[in-house]
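Structures given as structure tokens follow.
The following pair of complexes shares a single chain, chain A, combined with chain B in the former and chain C in the latter.
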Partner chain A sequence: MTVFYACAVLGALGLIFGLALNYAGKKFAVETDERVSRVRECLGGANCGACGYAGCDAFAEAVVKGEAKVNGCAPAGEKGAKAIAEIMGVETAASERLVARVLCQGANGVAKERYVYDGYKSCAVAAGIAGGPKECRFACIGLGDCMAHCSFGAIKMQDGLCVIDEDVCRGCGTCVANCPRGVIKLLPASQKVMVKCRNSDVAREARRVCMHACIGCGLCRKNCPSDAITVENGFARIDPEKCINCGKCASVCPCQAIENLSASDADR
Partner chain B sequence: MNNMNILLFFVDCVICNNFIFSRFLGCCPFLGVSSKVETAVSMGIAVTFVMTIASLFTWMVNTWVLVPLNLRFMETVSFILVIAALVQFIEMFLKKSSPSLYRALGIYLPLITTNCAVLGVATLNVKNAYNLLYSVLNGCFGGIGFLLAIALMAGVRERLESSKIPESMKGFPITLVTAGLMALAFMGFKGLV
Partner chain C sequence: MKVTFKRGVHLSYANKNATKSLPVRDFVSDEVRIIMNMHIGAPSVPCVKKGDHVLLGQVIAEPVGFLGIPVHASVSGEVTDVGTIPYLGETPVQCVTIKNDFKDEWAPLTPLGDVETVDPALIVPAIKNAGICGMGGASFPTHVKLSPKPEQKCELVIVNGAECETHLTCDHRLMLEEGERIVDGLRAVMRALSVERGVICIEDNKPDAIENMRRLCATRSGVSVQVLKTKYPQGGEKQLIEAVTGRQVPVGKLPIDVGAVVCNVGTCAAISDAIRLGRPLISRITTVTGCVKEPANLRVRIGTVAEDMIGACGGFSEEAGKVAFGGGMTGLCIPNTDIPTAKSTNGIVVYNEKDAKSIDEGPCIRCGKCVAACPIGLNPYLIKRAADADRLDEAARLSVNDCILCGCCSYECPSRRWLTASFKIVKQKLAAQAKAKGGKA
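And now, the complex of A and B:
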């Protein structure tokens, strides 16, 4: 008899709870826009936060609500933006693909060392100790804060410099935000020539601390056929709008501070 | 006098007989989600919430169904059923009525279904023959004890992150040692009430 009661009670409890949940499921049903999940699938999925929202889910919701732009997710790239635009039924302006680039060539042996750093492996910590382990106060510290924050594994450390794999980089800008030296910049992928130095010290000082420092001599500016180069604050900079990627500046630079990626591609 | 008893009961549940440090119930979420103070506190609040309501419902099932029908041996299985259904219901209810709270609790809410502290509080209520008020209070205070334990643990673990730990002790070993030392410290409160 007890067995019968036991079965009956458990069965009845299960049935009651089942019915109650069924009723509750209908009563408390929340209508979700199926576009949110479809937009979510087009995104980078790293929750990097570069869009300014709390994560990919929050961004997808904002897109569907019309608060965020369809091309607001940098990691998703142009392809993702197009897919999202299709879901939302809007046009998207083609945006140039950006990649992160390290504007420093101060590898070990190239830039002078100030002291041997053996502390906690963090650029932010090292930067606060007597101006950082390298003499140049603008140089990449090379302890990998950017690498630790990259959600896509595009950054590795080599000879005390971070090296970004441009094929893997999605241009989210997380590394830019986490570099205590501000030595990483987002540049258009089509821009092949760049000044890889941001040292604004006077020429002698800059030359003392690094073999490849830009000394602001202006030779590149004089030789530029398209007036794309300006020298300000002691270092040259190239305007990607005007630059025609001829690479003349890189060949005349006395300090090899300018790098021409298309030339190094050819070398390979 | 009654108020005094409740106060003593509070101290007893939260400090002397802490669910984690002296009863060793609910250790899985205690170790699993205690790496950040923020998430640990969310988890603690969610557990407190569910434990309180589960105490109420399991007391009702026990007193009005199981005891009259002489089915005391069915305690565990029916309590599990009640807790699972209850958590599911709470999740639906929150999703509808308070999306912000639902998002804050997030994944922790369904995880609580399998938290043995919730089943533990239900069984303890029956074992100690608490009345309705004390059952609910036991659930609520027990949850607060859990909240205290997990928040303390998360604070310690956040500091462990940046300290030099020998290679072999990194990760779970040091966490377990920390938990053991905290439990030892809480043992000192035994006999306070």
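And now, the complex of A and C:
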């Protein structure tokens, strides 16, 4: 009999609380925009923070509120931006896909070594010790700060140089922010020709420390048919807006400092 | 009574035995390379050019800004180059190379006379003009330290003779051989700040230095010797103040805010020369030890290249793995032996390949040894966790900015985690962040 009473009392209590909670749940329900969760599904989902918000949820809310741009999520890419634009019922301008590119070719053996670094495996630490393990103070240090910060596993280290897999890279820019040397830049994926050196020292010094250093000779500028190249601070720069990817500069560069990705694709 | 601070670590000081009983030996090389940012603050600007003939003690670079001090020629001879060289930090530094003519012709000097009779108002400018900065390692310009704001009242001058670092014996030898200069310098500082009390602090592993300094202090007014327990980082400014006065320097404040000024023994000796002889800071004692054939305490001119000094000590005794400027705990590795010494280079330590090899980092086992060792009372294992995850705000909340980078936590860690190295980076990143914010506002 005691068992019966206990069950009856607990059951009744359960029923009362259940009904009360159900009523409270309906009465005090917080109105949420269902668009937030739909936008959230379209995002990269890495919480990389490249959009400037504290993670994907915060960005989705900002989009629905109209504070953030629909194409603000770099990892989501063009497809994601379109999907979000559809949810929000707005038009989005087709934005160019950006990928991170390493503007240095100073791999082990190419760039001269200053000392053997055997300390804490962090580029930021090594950069602070006597100008870094490589003679060139603009070179990729190759200890993988970018790799450690990449949420997508797009970066690997090879011969003391970071290599970015462009198919995996979502262009969030976390590596760019974490490189103490600033050798990684976000460039349009369609840009196939680039100067892979940022050494602003005088030509003699640049050439001494690396076989593939840009010496600022200006041969590329003279040969560029679309006037896209400027030589400033001792190294050449290509304006992606003007460049027509003809690859002429890469073929005339005496130091092989300019790389033409479409040419190397063809080789493959 | 021996005093000390809380926590810290006990190191093995056996590596001091090689040089602690060797008298200081003079060494002059045939070339010096004098860098322009030997002190904290904006680098000085060279005022000589290639081909100029300079005299010993002649100003070769003018000070810039509030923290600036002039730089003097440490040999007489011809300027052979004014250029840049890579140094210990991230960016190359400006450097004046002088070829020594071994004539040691002094530039005109203006001695101020005895430290007890000189006008106190002349002392601080003389220190600035002599290019004196802290010679213990941090190289903070001394004249700034000795110019407190009106609301800051200095009560005590502490002379740092603790020499808690491993390997180094330069301060020990200085106290034994030239203690008078130290006491003179201390008296000058006391008179400049109109302070009645000066204390020379020495760790109890240097009984001969304690005895010598006690003897010298007996005849002078207001100066005494305080014996400290041997513990690292006893010679840290804040630790020393805690040990001597029992006061802790608050977060973000300077020693002067608790009424104390701390000077290294080498700095005091240089101050004495600046007042009594009018001589600028052109030489210092540097301990060269480790894997060299004849370890020594060398009195070298500022800007002597490490290679020459190692050569003066008979060269490497075995294959060198690392060469560092400074002692075992806070020393900085040099990329090659072509690097000149600066005003704060208290030692060159050569490690063999076995000792130089670093050990791979293991996982944190939460043993708490780092917490027990940290002289500041931080939680290094928690800061390291935040640093590894790149959570700068959390690291800042855990007071990483109060870290003095003494290396006690890394030394004690059984997992050999890179605690101090990562804190240094976090501090740099936070400073950059603060600068960026300040720039925007």
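Side notes on the structure shown:
One rule holds for everything that comes next: the second predicted complex is superposed on the first by the 268 of 268 C-alpha atoms of A that agree within 3 Å, B and C clash if a C-alpha of one lies under 4 Å from a C-alpha of the other, contacts with A are read in each partner's own complex, and residues count from 1 in each chain.
Throughout what follows, a contact is a pair of C-beta atoms (placed from the backbone, for glycine too) under 8 Å apart; a residue touches a chain by one contact, two chains touch by 3 or more.
These figures come from a predicted structure and were not determined experimentally.
Partners chain B and chain C clash in the overlay (superposition on chain A). Contact with neither chain B nor chain C is seen for A:V90 once the two complexes are overlaid on the shared chain. Once the two complexes are overlaid on the shared chain, A:I244 sits clear of chain B and of chain C alike. Once chain A of one complex is fitted onto chain A of the other, the partner contacts of A:V202 are absent, as it touches neither chain B nor chain C.
After overlaying the two complexes on the shared chain, residue contacts for A:Y120 are found with chain B and with chain C alike. Touch criterion not met for A:A263: it reaches neither chain B nor chain C.
In the superposed model, A:A130 makes contact with chain C only, not with chain B. By the touch criterion defined above, A:G14 reaches chain B but does not reach chain C. Once the two complexes are overlaid on the shared chain, A:H149 sits against chain C while remaining clear of chain B. Overlap of the chain B and chain C contact sets on chain A: residues 120. For chain B in complex with chain A, the touching residues are 61, 65-66, 69-71, 74, 77-78, 81-82, 85, 88-89, 92-93, 95-97, 99, 162. By the touch criterion given at the top, residues 2, 5-6, 9-10, 13-14, 17-18, 20-21, 24-25, 27-30, 120 of chain A touch chain B in their complex.
On chain A, the positions that touch chain C within their shared complex are 114-115, 118-120, 122, 124-125, 127-132, 137, 149, 178.
For chain C in complex with chain A, the touching residues are 86-92, 332-336, 339, 356-358, 361, 390, 418, 421-422, 424-425, 428-429.
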